Amino acid sequence: MEFSNELLEQAHYWMRLTRAFDDRLDLLFKQGKLVGGLFSQRGHEAISVGAALALGPDDVITPMHRDLGAYFARGMTPARLMSQYMGRATGPSGGRDANLHGCGDLSLGIVGFVSHIPQSTPVAVGMAHAFKLKREPRVALNFFGDGGSSEGLIHEALNWASLYQLPVVFIVENNQYAYSTPTKNQMRMPDIAARAAGYGMSGVVIDGNDFFAVHKTTKEAVERARGGDGPALLECKTMRMRGHAIHDNMSYVPKELLAEWEPRDPLLLFEKRLREMNLLDDVKQNELLTRIEREIDAAQAFAENAPMPDPSKLTEGIFAE
Amino acid sequence: MEFSNELLEQAHYWMRLTRAFDDRLDLLFKQGKLVGGLFSQRGHEAISVGAALALGPDDVITPMHRDLGAYFARGMTPARLMSQYMGRATGPSGGRDANLHGCGDLSLGIVGFVSHIPQSTPVAVGMAHAFKLKREPRVALNFFGDGGSSEGLIHEALNWASLYQLPVVFIVENNQYAYSTPTKNQMRMPDIAARAAGYGMSGVVIDGNDFFAVHKTTKEAVERARGGDGPALLECKTMRMRGHAIHDNMSYVPKELLAEWEPRDPLLLFEKRLREMNLLDDVKQNELLTRIEREIDAAQAFAENAPMPDPSKLTEGIFAE
Amino acid sequence: MTWDSIIPRETKNEISRSARNDIAREDNARELTYLEAIRDALQYEMRRDPRGLVMGEDVGVFGGAFKLTQGLFEEFGEERVIDTPMSELCMVGAATGMAFMGLRPVVEMQFADFISTGFDSIVQFAATNHYRWGAPVPWVIRAPSGGGLRGGPFHSQNPEAWFVHAPGLKVVAPATPADARGLLLSALRDPNPVIYFEYKALYRSIRGNVPEGEEGIVPIGRAKTARAGNDLSIITYGAPLHEALKAADELARENVSVEILDLRSLKPLDTDAILETARKTSKVMIVHEANLTCGVGAEIAALISQHAFEFLDAPIVRLAAPDIPPPYAPILEDASRPNKEKILQAAKKLLAY
Amino acid sequence: MTWDSIIPRETKNEISRSARNDIAREDNARELTYLEAIRDALQYEMRRDPRGLVMGEDVGVFGGAFKLTQGLFEEFGEERVIDTPMSELCMVGAATGMAFMGLRPVVEMQFADFISTGFDSIVQFAATNHYRWGAPVPWVIRAPSGGGLRGGPFHSQNPEAWFVHAPGLKVVAPATPADARGLLLSALRDPNPVIYFEYKALYRSIRGNVPEGEEGIVPIGRAKTARAGNDLSIITYGAPLHEALKAADELARENVSVEILDLRSLKPLDTDAILETARKTSKVMIVHEANLTCGVGAEIAALISQHAFEFLDAPIVRLAAPDIPPPYAPILEDASRPNKEKILQAAKKLLAY
């Protein structure tokens, strides 16, 4: 597969934006400017961006809580996302749902998730089912974690998708931990992808920190799914480089494990490749980072100046009209 | 493995009792003497009896609705079971639960099931977990169907059992149908046992109409589990030889499929083997059948004369004291 | 497990394929049974709206555990009448996904009792979605409910209160063939997730005139005065309506005039109609099949005791199942369900207050 | 997802291993926080009864999302403090199996909101088991509930009414450290499945004297008069108790004497105590954090309007969350929850009636 320069440039932008936005969120949280908790994205950039960029504009995603990059890549603006984190009226949930939760916009093909993991997975399957019934050449892309993989619903959804041969691709973001629980305390086998065989589905293990691998494999699976060849389960191995959420100092993670993954940061790896391909140099890099900081400044300013939700409308919209 | 004559004689008795009791239930239903619906056991005798006889007295089972033979083999008497089907005070549920539902007795190591399939499976897993924690050399045997295998809970339970390496054995009774739905409309792959690999568990496909195969394989798995080697998933292939329940004429089952399975009746196969081994002749067979009819007559008489539940105690026992 | 011994032998046979064009009717009148009225609404709407589809366990080839969907598979094919694996939770989630992508799925729970298996996706995802980010979830779950059929603890449940309590769902519970059709049509066109409770005991035991076409659509949220009266209000819904009507007939012979309000919709509740009848008769009895504590009856009593307090001449009485699973033995089941006799007894006590 | 920003920074650090013998206390007084009282009950009972064990997501090594189980893993080891996979449904079913085999499992739901994921096994299997075939199911599910922490729709829920409605469960909801310990000890020794709702907002915000050892066990099913009074009864439970107490203080300054009944147990309800306070003051307000419709407040209003009707001088008023998911933005969340001001306002209206 070819990676066009344009694609790589886009990917670079979205991944760097994700990283910088995430860092900004961290700062804002510490400044008390965010509401509630905060999940770091660090380590998941290549997965969320690499997979999301494998889709066409009419495809849909059901992201999880470490897929900020996918929201960006699908066209959700930093201003709206920042509003969401600040609980403002201008966020996709208008201050009703928390951080990336309920951060959906069907016009962008994004389904907002609920906390209850992995409730988005059958929703992705249902969307794919609709595409098949309506003979639309569209694909649904679902994300879930190693933790979520132990919930029964995953089994129902994989079985359903494979039974009806639906155009859906499952991305497992195996970041070694579910909150404080290492995968060895969640399952006996090392690879979640190995379960795919039981459903007659192809299961692939990918280096989740390698944008190229994630993108290429997802793209292939997406196009096979689009062509009627049914679903696939892609397990992207990565490492959650921060605590489960911002309050968590992850004292339970061995220092060596983090040290081992540090040099494999998805952005470092990606940028190294770009430089090798002569697509990136210090000037470009600085330009990009500066531009992104400006954009995030603007998003922050937008959100900070955005109106709070209107409590007199508290009970409105519980039902659609 | 050796099959002692005593074991084979027992097995013969339980399987014939199951068949005859089932036939009697059919008759009683048509006479309007039973309450509610009725599930036929025909085709499942070798599985329920063969697997249950692989256990020791301290082991436990969580049967499903086609495991009448396992109830017998664990020591539940025909009189109690007949009472249960007639909704009498003398049944294990005292007229509160329907047919084999809620037909439990912990002193016999039998857990009564609920309709909600496969809710018994994690209960078996929990019992096995208790055995492991208490260092008791006991095993839990769980039964579920091809239909039940699509419920998410099965995945959670298999993962849990394998993670903690618990002494539990799962028997899948794949009788080709879940109600009217053939397995090809439930799953893409032919073998449910193939899913075991994804959990690092051994998965075996067995001829469920062959008592010898069921018993031997279960026994081995049970003893391995008892020895600390963890769980196993045994898929017993059979055919449901009647409708889902008595009202169902199963017009949706191809005649040829039934014709194909008819000569493979588990009782015919078993008795043929017994005759080959010179353990059975016509005289013995007639004696057995006559004895069983008498026992069932007695059970029926007992149940018919048994008291109805007392409606003044309707709300008693909702809580244990 | 399942059975449908309540299907009378005559109707168990397949409906002749030639009756295809009008599969709702098991005979030739437009007087339909409750079950036929539901089927008619499904068929009518699926013909009108190509986005409609039905899915569930055994709803296709077999025509459903109660033969309610019989004929739909033949008419609409396996893509719009889907025999699913046993996966209630995925089924609900998939319905939500289908609804997002412009379809109008109807999920049949084989029995209302099994709706607890799909609970999480109903109450957490579908119910809250529009409030949270504005995407409507137009699906319907059909839930065959209620007892009286010797189904025991897992084929007789009335779980509506869980869904009335959970924010974001509409909940309906028709008691007559006309309302069954009229409310199902409304549910099918509603942009919100609707839980449609239907009563197995009524399937073939009651018939009534059922309008055709666009006639007879019953708006969600509107109760109906099933009988006007002055001395006492009985507020009820679902199968017990018919017991209440019988009791009212008997009381009429004793010159007592009973008003019966059939709620039909449980969420939103028709608060106006509830308060109006309470204000009118000043004596209220609430009857339902579901367990007493925190049931819908509790909510109605609370509404009245808050908003029609001055008008009350007597305590508000509730008749419901005690807080036990529905028992199996006929003698126990009968003791546990509200029926004409119990209504009469309670009514007389209330009238004498 | 989860967070515990409500854990004040100071207490976030690990409790020193040397404090092992008395892990309940985060300082040295026997005045404990609400959270410490719960931990104390777990520790005390697990020391006393070797059958006790705790399981859930992150309850072991990590000490739980709220650090509530901190220290238990170190003391009791990985077999009795089990870090499970994310599998709430299996967890509940496994707890039932363990209970059958003589253990006394406590399941921690990471947040009460996730109890819906284990719902089926709770309401269908465990709850009905003793009624159906006589085998007791002695387990406890701990469910950290309630809002006020900016947790949004999925970390702020109050789902108790579902379980109060489902037959066969005991349900408790302590509001003070002493009751938290006392009711947990009762729950741990009860032969029935008990859902134990605990209030995240109270974890570290309230402290109180908590008895030791076998002292201070609070029987399930008994309400407590949190404040005696004559003019008005406020019936409540859980976190809003503290708002009600504040409101009563203010009203006392205006010479209004408010009686506050803290239910503590929601199933069985202490009907006697409820009716008694209603009969005493003749004016009743019910306050809870859960959604209004078909909530526990509805049941209490219904009980009073049926059994204490003659004593009432005013409508029964309910204050609860509207029927929406708990919203995230502070301005919305605050608007949705009952608080001192809303209680005061409603109380004044009721007093003036």
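Lettered A, B, C and D in written order, each chain numbered from 1.
The rule is short, and it goes like this: contacts are C-beta pairs under 8 Å (C-beta built on N, C-alpha and C of every residue); 3 or more make two chains touch, one makes a residue touch a chain.
Owing to the predicted nature of the structure, the values given are computational and were not obtained by experimental measurement.
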{"item": "Chain whose average C-alpha position is farthest from chain A's own", "value": "B"}
{"item": "Geometric centre distance via CA averages, chain D-chain A, whole Å", "value": "35"}
{"item": "Whole-Å separation of chain centres (CA-atom averages), chain A against chain C", "value": "41"}
{"item": "Gap in Å, rounded to a whole number, between the CA centres of chain B and chain A", "value": "45"}
{"item": "Residue numbers of chain C (touch at least two other chains)", "value": "85, 87, 89-90, 113, 116-117, 120, 124, 128, 131-132, 153-154, 167-168, 322-325"}
{"item": "Residue numbers of chain A (touch at least two other chains)", "value": "93, 96-97, 101-102, 114-116, 150-153, 156, 159, 163, 185-187, 318"}
{"item": "Topology of the chain contact graph, where touching chains are joined (line, ring, star, complete, other)", "value": "complete"}
{"item": "Complex contact set, residues of chain C against chain A", "value": "53, 79-80, 84-85, 87, 89-103, 105, 120-121, 124-125, 128-138, 167-168, 170, 191-192"}
{"item": "Interface residues, chain D side, partner chain A - complex", "value": "1-5, 7, 12, 14, 57-58, 61-62, 65, 83, 85-90, 111, 113-114, 116-117, 149-155, 322-325, 327-332, 334-336"}
{"item": "Chain C-touching residues of chain B, taken from the complex the two chains share", "value": "35-39, 65, 87-88, 93, 95-99, 101-102, 114-117, 147-148, 150-152, 178-181, 185-187, 244-249, 251-252, 308-309, 311, 314-315, 318"}
{"item": "Chain A residues touching chain C - in the complex, by the definition given at the top", "value": "60, 92-94, 96-97, 101-106, 111-112, 114-116, 119-131, 133-134, 140, 152-153, 156-157, 159-160, 163, 317-321"}
{"item": "Touching residues (chain side chain C, partner chain D) in the complex", "value": "113, 116-117, 119-120, 123-124, 128, 131-132, 153-154, 161-162, 164-168, 267, 269, 290-291, 293-299, 301-302, 304-307, 309-310, 312, 314-318, 322-325"}
